[in-house]
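Down below are the structures I want you to see.
Note that chain A is present in both complexes that follow, paired respectively with chain B and with chain C.
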Partner chain A sequence: MNLQLKPLSWILSALILGSASYATAESAEDKGLAIAQKTKQSDLGWRDMQAQMTMVLRNSQGQESIREIRLKSLEQETDGDKSLSIFDKPLDVKGTAFLSFSHPVGADDQWLYLPALKRVKRIASRNKSGPFMGSEFAYEDLTSFEIEKYTYKFLRNEPCGVEQCSVIEQYPIDKYSGYTRRISWIDQSEYRLHKIEFYDRKGAPLKTLTYDGYKQYLGKHWRPDLMKMVNHQTKKNTDLIWSDYRFKEGLNDADFNKNSLKRAR
Partner chain B sequence: MSLLRSYNYQHGIKLTSMGLILAFTSQANANVEFEASGKVTAELRLFPESPQFSDQYQDVNTSVAVEPDFFWQWNDGLDSLTFKPFLRLDQHDNERTHADIRELSWIHQGDDWELRTGIQKVFWGVTEFQHLVDVINQSDSVEDIDGEDKLGQSMINLSLVKDWGIVDLYVLPGFREQTFPGKKGRLRSGMVVDTEQARYEASNNELHTDLAVRWSHSVGDFDVGAHWFRGTNRDPVLEMGTKNGEAILVPYYEQMNQFGFDLQATIESWLWKAETIWRDSKSDTYWAAQAGFEYTFYGVQESNADLGVLLEYGWDQRGKDASAVFQNDISIGARLALNDTSSTELLAGVIYDVDYDSSSFQVEASRRLGDKWKISVDGRFFSTDDNADLLSWMDKDDHIQIGLERYF
Partner chain C sequence: MKERVFDVAIKHPIWVLLVSIILVVAAAAGAKNLVFKSDYRVFFSEENPQLTSFESMQKVYNKSDNVAFIIAPKEGSIFTPERLAAIHELTLQSWQVPYSTRVDSITNFQHTVAEDDDLIVEDLVLDPETLVQNDMPRLKTLATNDPLMRSKLISPQGHVSVVNITIQLPGINPVAEVPEVVSKIRELEAQFVKANPGVDLYLSGMIMMNNSFAEASQNDFTTLVPLMFLIVIVAIIFLLRTFSGALATIVIIIFTILSTMGLAGWTGFYLTGPSISTPTVVMTLAVADCVHILASFFYELRQGEEKSKALRTSLRINFSPVFLTSATTAIGFLSMNFSDSPPFRDLGNMVAAGVMIAFVLSITLFPALLMLLPIKVKPQKEETTGLMDKLSAFVISYRKTLLPSMTVIILALVVFVPFNKLNDDFVKYFDETVPFRQATDFMQDNLSGLTSIEISVNTGESSGINAPAYLNTVENFSQWLRAQPETDHVSTLTDIVKRLNKNMHGDDPAYYKLPENRELAAQYLLLYEMSLPYGLDLNNQLNVDKSSSRIVGTFKNLTSNEQVKLEERLYKWFADNAPQYTVQIASPTLMFAHIGQRNIQSMLIGITFALILISFLLGIALKSVRYGLISLLPNLAPAAMGFGIWYFIDGQVGLALSVVAGMTLGIVVDDTVHFLSKYRHARVDKGKDSTEAVQYAFASVGRALWITTFVLVAGFLVLAQSSFKINADMGLLTAITILIALVVDFLFLPPLLMKLDSNNTTNDQITNENKQGETDEPSTKTA
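Here is the complex of A and B:
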């Protein structure tokens, strides 16, 4: 990874972190931001990734419903990531594909491919808080983490399993977010997310997301095998099972345009 | 009358994977992946009113359609072959009982280009109620009256990806005639269209090779497209004729030149859309346009449901002379998506013809049943008084349609 190509914010974050040990009166906000930056920075350089997602949706009676999606994403040096999702299940949406260019600030660019009509349709990205395919994951829970999307506040350090975690409060910048705040647990050894608690627009506890089965890829990039989202208000839950992670297979911009969207299946 | 259907991505779709992988042993790298999928649809149409024209069937019609999808890919996915035949059996209408090859095409992918050869479907455009710029494929009009079902078109399509957009070059050998309901069918013109007597301006008739070019690009919030098409007009001029002493309509296919432009601006919850064409043929030279917006209320009433409202206006320079339905028409629609596990959706739309003071109303509801089934209930209602209005043909054709789809 060539640090010179990185935006200034990464260099600044390095400076902030470097000076952190000397700062005597670092504010909780600065400390929260610094940990978020360190989290993002620790995972930089994955370039491209492909993975298989299986979602198991359960309602309050325990009835299950399955979603299967293949995901390709491309890291961008100076912008949010590009991603292409291809839907395999349920069968009536098989072949539908979704292309997204995310941006740290402002609306993402999103296109949907409808295979029955062979139509590529630009869609509004304003819908952050809606459920993703009827699951307990909202769209905003599945988009790439960008520093600029939140403001931060460090709360405390506490044990999380065998690890020691920093507990950070995050406040979404986007006025369309479905949350007033998120509280996340990030371990201090590898900057992995262990848990996120979500609070709804009224400030009431809404959902809890827990991460399990972390594995390290290419000696650097930690990815979970399982993300469990529990909705405390509806008593529904969704398991997101990840498999077949692949990194650095040489994907490029040509794999993330309207032609590749039409081709995806 | 292509009601909002395109947005509703659960609605169209098809296929399934049997995930069968064939490994060719002759060459180590030549792995061919094969996937078979498809859907079967059973359809029931109920007409409460007696038909307007003699020979049309009464009350009830049942129909079944089968659409398998076979897919092969090799060369690390750089080459693929798709075969998608289609068959419909209709209880009453012999013309609606028909088969087609929707797709039989080989796609080869290069670095910044793609070559697509064979029979295919291509969609152009942005608006919902009418697809003016979408001229490559012929309408399979016996399928539905919304103009969204298309016949496969043979083509060679070279697609070039540039920094300044995507350029598609088309050579289109051979022409597909529009399908029309038969004598016994509902939802048809007063006089039956006899496709066997079809006439052409081109001396080589349906063997004329058409050409088309399209440029499309996304810049910030804007998606733009422009095209030129030269060849056989997909929309026939219907001329009076006779068959066994009976008055009928004969389709006459002219040659045409068409330039068109389409634009969508996607700004927060707004989608602003416009399509316009300039078409030049022997019988007419004219402009036409369809433009409007779509606005979505997300999470209405603190629920997970989204409500979209649409308004579009269609205009045709030929006015009341136009054989077009959207010569001076206002279309209003609403789409409610519950975003639940069953993907329950409700669509409703009204198209109001300002010139004729006539209107058509359509409502569609659909949801998934389990993992492999889907049910839909549609209603279409027509209100028209003026016999000069094309819609007057469907005055007695209000109907309810129930569809059950099984995916494989």
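Here is the complex of A and C:
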């Protein structure tokens, strides 16, 4: 008797619970997407940005190596951002400049100016998942955040430090991504990223990125001073130290083309 | 004290049985803590210099444990759209293997081409669906001529290919990690074989080797141990003609094994390929104790003695020899503590403990069981005694021929000892029935061997690898290494730099050379690194501040000596050509290449210690320095002769055999102890002359000696059936040595004793304190 009733009561309760949650809340996917949209929205309008990046690479034995890069970016309203990176250290790559037009979907346009060769080379590659200058950051970790790059799923709310964070799972659309998913912690007050966990192609934990020292620029745009990436599989880590942020200095498309690449020093 | 122990066992057998069961169950409970470690690194102690060197290199670059899928289409060509699609799919799936950090195959090889001022970096086979037959010649030429792929990922003829998965085991749970990887690999293998019936797929690589250690050992455990039980039962029933005796012996063996393994579990031991043979060895040795007690017991019973009295007599006369032989055997096995390789220390310690447990059980539980079990004896004539009589008569009458001819035989065999080649080829640790061995042999025949040597060349300067002088050195070295006859493949950074230089100059072949300045090299590498995908970066070849790079050489399977010589040549090249760089050379195969030699050196010290201790014990037991010294010859000769014979059987010695001399020493001593003590007993206590004493010794222990030798030889021959060559060789050589020991004790020792004792009568230089037997010696010489 009891046994016969059991499946029925299960189905009933599932139906009730299911319809209840459907009625009161949007799906986890919609909620995740909404938070991603708000994150993007909250930072719109920075137009152009310049900053200094110092990378400290460490292997599992603690040996260090330093990279120094100047970064310029130009906000694009309908496409991924344009960016220009100028390498200062190590000295043998000094003056090398990297121009990239990122696109939400598909391969980015990339050019590299090699001062030793005095030529601009276009890099035709779908790969964004390799290490950036031998660091634990992949190139795809450093490109601009675009809504279309992922699908989303809201997981939960939980405290992160003094803030309350939304925890959102993101699944890369690009099949050449090195990840199956990332989990982001975004605070609810200012929509700042606090932490990202990266999962590799077999779904195993690969890296964790934490953000530190947020400062607000122009009364709107929050930028971190420090991003720490730890690789759990190789035990290597990289610190990315940001300084000298400057916004709205009137950079335009002419500063981000093949000719500007050669001039960049 | 010992009388009281016998009393308890004989009078209260039930209590002894119950107490034994409780103790054994308590001990055996520890077996739940026993785990099998299948990592090949367990063969090396933490202070092993080759291991330390390798580990430090692995911390700088990435770890290089791997699984290799070897793909051999039956039609003999990799280059068809169908086969390339299969490899593409397998490559993709391989990323799903737990702890994989990198997958290399011909399909995901990062191919670079120049088009005007564009550099295109792409998988060699990006989308298999677009492949047509027309693409094949181009791809084949490309792959089979690229220095990074040829002989590593693709055979020069293009008929066999490899998908190589780099695995980085976290090492948190070493027992579970390898099986976890292997179960996924097996799943991929099954999928692949099902989807591609026309392709042979083999599995090799260090992970598969680790797994084979575990599988071969488990296999041994399920086949050899039952076989051993069968042999013990049959031997005892046929040789001693008693079911109850066989049953009691089996109980002793089981209890001994359970408590040995249980205590090993309690004390934190773990199991490895060599140490898992502990049960077989302990079983073999435990039987000997029981046989001696049974033999005397039945002898007394046949003389018409009452059961408990017969048992008491047997225990009384056997206590000392059984204790002594157990102690010497334990010392022999304890000498393995000098080994450089932890699994053999563990084997030595576990067996030593097992032997002493067997001793305790055989003088307590064994008599108790014999009291409880029904024993029936038919008074009968001992046929074999007749045989022993004939043997002693033969030895005595031919002693003048036997002594010199045995001496010649001993020397003739010992001469061949140095001809054995030192070799630890870990591929050959497994016999041809093991799939890993088949796969690796196939790979060696078609692509490359599993011998690899990693060479780290350090400039000591940040970004120093970009300097033209450094790149030229690495290039010259790589070319030199490629020209060596044993080389199959060299993976070197300079091949990539040269290719990039060509790409940067519109693929002009004239630029397939190293760039002339440092900045160019640095910027090429920066460009290249920025366009590589996840897992295919250069971090396994370059250290973090680009001050050093790693060259990996793959070689035909080499013997240890050849590898050590090759290593010396590599160091010499750098000393001659580029002394300014710090060079470090390491690899798992080099670790194995050195361990045999290191182990033999350390075991020689161990054997010396054991020999001194054992001879000292024998001197005390025989109450004679003289007999202690005489015993040295028959104790040492068997191992030396065994290694001489080994030259004709296999001719290669390594890690496993380096411990045999030590472990057999303790066992072969037993024969000598029994024979000498009876001989001395006859000479000193009974006042017989040397000939009569020899006769007496043959008559009283000859039969027991050959029965125990039979059981020991059978036991170690069972071990010799192992598919794990370390255990098989150890078993075979031990069996040979024990058999030789009996021959020496029967055919060489008696003539020697008669000779020495007759000489000593004339010059009276006898260390023996009791000289009464010596005087009538000359009169019996003509017998």
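Everything below uses one rule, namely that the second predicted complex is superposed on the first by the 240 of 265 C-alpha atoms of A that agree within 3 Å, B and C clash if a C-alpha of one lies under 4 Å from a C-alpha of the other, contacts with A are read in each partner's own complex, and residues count from 1 in each chain.
The criterion applied here is as follows: contacts are C-beta pairs under 8 Å (C-beta built on N, C-alpha and C of every residue); 3 or more make two chains touch, one makes a residue touch a chain.
Note that the coordinates shown come from a computational prediction; the quantities given were computed from them, not determined experimentally.
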### Task
Give one word, clash or fit, describing how chain B and chain C relate on chain A after superposing.
clash
### Query
If you stack the two complexes on chain A, which partner ends up touching A:P131: first (chain B), second (chain C), both, or neither?
both
### Query
Thinking of the overlay built on chain A, is A:Y139 touched by chain B (first), by chain C (second), by both, or by neither?
second
### Query
Which holds for A:D88: it touches chain B only (first), chain C only (second), both, or neither?
first
### Task
Return first, second, both or neither, reflecting whether A:Q52 touches chain B, chain C, both chains, or no partner chain.
neither
### Query
Should A:K121 be classified as contacting the first partner (chain B), the second (chain C), both, or neither?
both
### Message
So in the superposed three-chain picture, is A:A107 touching just chain B, just chain C, both, or none of them (first/second/both/neither)?
### Response
first
### Query
Does the superposition put A:S60 against chain B (first), chain C (second), both, or neither?
second
### Task
Figure out whether A:N259 sits in contact with chain B (first) or chain C (second), or with both, or with neither.
first
### Task
Please indicate which partner A:T96 is in contact with in the superposed arrangement: first for chain B, second for chain C, both, or neither.
both
### Query
Stretches 168-176, 366-374 or 384-392 of chain B: which one clashes with chain C?
366-374
### Query
Can you list the residues of chain A that meet both chain B and chain C?
57, 59, 65, 90-93, 96, 112, 114-117, 119-127, 129-131, 134, 176, 178
#### Entry: List of chain A residues in touch with chain B within their complex
57, 59, 65-66, 88-96, 107, 109, 112, 114-127, 129-131, 134, 176, 178, 254, 257-259, 263, 265
### Touch list for chain C against partner chain A, complex
59-60, 62, 95-101, 115, 117-122, 168, 170, 462-463, 466, 504, 515, 517-524, 526-527, 529-539, 542-546
### Of chain B, residues touching chain A in the complex
5-7, 9-17, 37, 39, 71, 80, 107, 109, 111-112, 114, 121-123, 126, 148, 159, 161, 166, 216, 218, 221, 223, 264, 266, 268-271, 296, 298-299, 304, 306, 339-343, 368, 371-372, 374, 405, 407-408
### Query
Which residues of chain A touch chain C in the complex?
57-61, 63-65, 87, 90-93, 96, 98, 110, 112, 114-117, 119-127, 129-134, 138-139, 176, 178, 200-202, 204, 233-234, 236
